[in-house]
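Two complexes are shown next, each including chain A; its partner changes from chain B in the first to chain C in the second.
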Partner chain A sequence: MKSLSKIFALAAHAFKELVRKKDFYVFLFLFLGLVFFFYNESFFGMRGVSRYLKDIGFSLITLFSIIIAVSFAAKQIPSEIESKTIYPLLAKPVSRTHLILGKFLGSFFISGIAFTAFYLIYLSFIFARGEAANAVLLAQSYLFSIFLLGLLSAIAVFFSLFFTVAANLTVTLLLYFFIYWYNGILRELILSSPKTLSRLYGALYYLLPHFEFYDTRIRLVHLWDPLPAWVVISVFIYTLIYISLMIWAACSVFKRKSL
Partner chain B sequence: MDKALEIKDLTVIYETGSRRKKALDTLSFSVGRGEIFGFLGPNGAGKTTTIKTLLGILRPTAGDVFLFRKNPFKYMSRQPVGYMPEVADYYWYLTPKELLFLYGKLFGIGRKILLRRIDGLLALVGLSDRKHTLMKTFSKGMLQKISFIQSLINDPELLILDEPTTGLDPIAKMGMRDTILKLKNRGKTIFFSSHELSEVEIISDRVAILKDGLLLKETSPKDILDKKGTHTTLEKYFFELVKK
Partner chain C sequence: MKIFFVITGIISLIFLAGSLSAYNEGFLIKQGASGLNNDIFYKTFGEFKNFLSDTSYVEADVYYHGGIYDFHGNEKESGKCIAHKAHREKTDTARGRNTMSRKAKPSLNILPAVGEAMLITEHRHLKGDEEKEIIPWIYYAIKLNPHNETAYAVGGFWLAVQLKKPEKAITLLKQGIVNNPCSWEIYATLGQVYLVNKSDYKNAKIYLEKAKELIDKSKADKFDKMRVYSFLAEAYAKLGKTNKALEVYREILVFAPGDEAIKRKIKKLYPPSSQKEAEK
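Let's look at the complex of A and B:
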């Protein structure tokens, strides 16, 4: 119980950092500006662009939330080391595992809250325009985005033990977009390559996180049917396992890291 | 005397690529409960490395360290310990109250007790009126005071201070010295590193002098001062010993 309260204290501290450092507000105002811009339908000079607006809007809030999640998670541990505040922290009855968990949870909450705020604005925008929307699908899209942010936060926390903040941000975002866009090619390579290479590609395929699982954008824009419950549960379990593995790896590395 | 901290044959070697640097070489000494122990040495002598090892932040290459007979690498053994680092850029976006609250929570202190303790500690260093001010506006001396009181948030049995008087004006230095003596009177143990030899001479029961990771001398300032004619102050003694 005491361990949990320590982890939450560290997470709450990370949250306070977001509120005070105002990074989030920059994205919020940028998003609001873009929403206002797109809301003016005459900009396109035609009707029937609502799908594109829904598409662009959802892509934007996902992108902004991803940047917040990754950039925030990437700097948590390095900034403690750089400012030397890591020493008074670790001199307390706090383990390195507590610190990693607290930092991960803090980053995850922050990006989750940022996404929630963006999503609420996005929904108001959709409803204000009288767009059709499926409540279950909207809820699923929200959940999947939150899962994705958790996964990216965990990956960025792990990478933060090896890379500088800028390098971490680049590597994590490249990894995200690479997998998101080229996952299909990897699948084709597994099928078309010689046996040894195919195994290698296969290992890579299962080792890399499947970010495409979390993409509900097309479904949301084109008003497809909601996903069955077993898919949502499976993706949730997959996310949980992947996050646990990344956090476990981060704790193992951090325990051995010289400070 | 019961030991608050104990170091046995402590060796720390830093390895960067093919380079190896011995930061501490078979260092051994102990500090009894209720003692004020001064830890002296020129820059790079290994004082901060010793402190990091004592706090379980740095793993020794060889040897053992104990805090109240417990292994400091088990995080709960640090429950009765307060630590003030030599330098720390405390979170500028927090107020002193928020910083102390965070650290208090990490010790598992209840909210009510914690808030009372925070008020008392801020009053101790004369910063009560700044408790809701963001620390980005604080001077170096004010931050040093905050750093000192954060080490007291858990009412520690053992206080480890790394260069505590750096950046303080003479009045604040005197205030800190008085607080340290008051803590000793309450049975607390204080282990501190310092370059302020006159301060060390006044308040320490015993001192250890370190150079290049080796323990040159462990003694009491009184013993040094008793040898009149040879050495008159701890400062002179220190310079002669370190020059050799």
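Let's look at the complex of A and C:
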């Protein structure tokens, strides 16, 4: 119980950063500006065109939340080390595992809250435009985005033990976009390569995070059917396992790291 | 932190530039001159703007297919088409419809099942009022590259034929002609709109004659030529210029000799009884 309160205290500290620092506000105003711009666009005087707003808006909030998640998670530990605040922190009855867990949860909460705020604004704009949306799919899209932010936060926390903030930001975002765009290539390679190579690609397939699982944009925008419950549960379990592995790996590395 | 302000600044500048550019272009078009050379987007992005324009145009097609990449099977056209074909093949594999060797299957099991379930493999098109949803992407394709002749022609066609807004189509296509004075595609579509949607045969004739003149100098295939020639012949026929209509139909038969539809149209315009009388 005490451990949990320590972890949440650390997470709450990270959360204060969201309020204190300007990153979130910059993205919020940028999002408002962009969505307002697209909302007021007129396309050859056609009325009732709204799907593009749903599409662009969802892409923007996902992108901004990802940047917030990764940038916050990436600087949690390095900034503590750099400002030497980590020493008094570890002198208290806070273990390194607590620190990693607290920092991860803090980043996850920050990005989750940011995404929730963006999502509410997004919904108000698309409903104001009269765009139809499936409530189940809206809930699934929200959940999947939250899962994605959790996964990215865990990966960025793990990488923060090896890279500087800038390098971590670059590597994590590159990894995200690379897998998101090119995940199909790896599957093609598994199916078309000779046995030994196919196994190697297969190992990579299971090792790399499947960011494409969290993409519900097309379903949401083009009013396709919601995902079946087993897929939602599977993705949730997958996310939980991946996050646990990343945090466990981060804790193991951090325990051995000399400060 | 600085980087966020820099990004915000750059994006704001881009949108400000876009607004100024749109105003500037509109002003120059009103003055009768093309605003293209003064387009700030064009000066800023150069050729990259064309790429974005093409992407936007492809997005219109994607929207028409319910968000799914190309269903036409034209793999050369875009990488996305190939990606979609690959997706379909993978889905087929999962459903046991593929000829892929059985050895490859066991290496993919739990995660791919989730991946397959995430994919949308149905084929559907936008219907009725939904069709207008492609228009924003045509708009951006044109905005980003005013030399995108196909975007103008397709946009004009959709506005006039599918969405029943011929006036808006005419405005768009005339703007297209200002930016692309040598495009047979835009002239042909404008002529088609006047002919089919406005029943304004005089204007249809003017634009289709210009389209014919331009297409004759281009490397367009015989099907495009047939389309332009047929519309022109029809415009002549509607104006009562039967001889000119026949002349154009006969020109079609030069590059499409076996075309039965054209032969029927010739017969309709110039029945055999009239031919005999003319011979006498």
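Convention: the second predicted complex is superposed on the first by the 252 of 259 C-alpha atoms of A that agree within 3 Å, B and C clash if a C-alpha of one lies under 4 Å from a C-alpha of the other, contacts with A are read in each partner's own complex, and residues count from 1 in each chain.
Just so it is clear, a contact is a pair of C-beta atoms (placed from the backbone, for glycine too) under 8 Å apart; a residue touches a chain by one contact, two chains touch by 3 or more.
All of these numbers come straight from a predicted model, not from anything done at the bench.
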| item | value |
| --- | --- |
| Touched partner set for A:Pro93, first chain B, second chain C, both or neither | first |
| Which of chain B and chain C A:His210 touches, first, second, both or neither | second |
| Chain B versus chain C as contact partner of A:Lys84, first or second or both or neither | first |
| First, second, both or neither for A:Ile233, with chain B first and chain C second | neither |
| Touched partner set for A:Leu32, first chain B, second chain C, both or neither | neither |
| Contacts of A:His13 with chain B and chain C, given as first, second, both or neither | first |
| Chain A residues touched by each partner, larger count belonging to chain B or chain C | C |
| Touching partner for A:Ser198 - first (chain B), second (chain C), both, neither | second |
| Partner chain in contact with A:Lys21 - chain B first, chain C second, else both or neither | both |
| Footprint overlap on chain A, where chain B in one structure and chain C in the other make contact | 21 |
| Residues of chain A that touch chain C when the two form their complex | 21-23, 26-27, 29-30, 33-34, 37, 41, 43-46, 48-52, 183-184, 187-188, 190-192, 195, 198-199, 202, 205-206, 210, 212-213, 215, 218-219, 221-222, 224, 227-228, 230-231, 234-235, 238 |
| Complex contacts: residues of chain B adjacent to chain A | 14, 52, 55-59, 75-79, 81, 83-85, 87-91, 93-94, 98, 102-103, 105-108, 134, 147, 150-151, 154, 160 |
| Residue ranges of chain C in contact with chain A within the complex | 1, 4-5, 7-8, 11-12, 15, 63, 66-68, 83, 86-87, 90, 93, 100, 103-104, 107-108, 111-115, 117-118, 120, 122, 129, 132-133, 135-137, 139, 155, 159, 163, 165, 168, 171-172 |
| In the complex, chain A residues that touch chain B | 2, 5-6, 9-10, 12-13, 16-17, 20-21, 82-85, 87-95, 98, 258-259 |
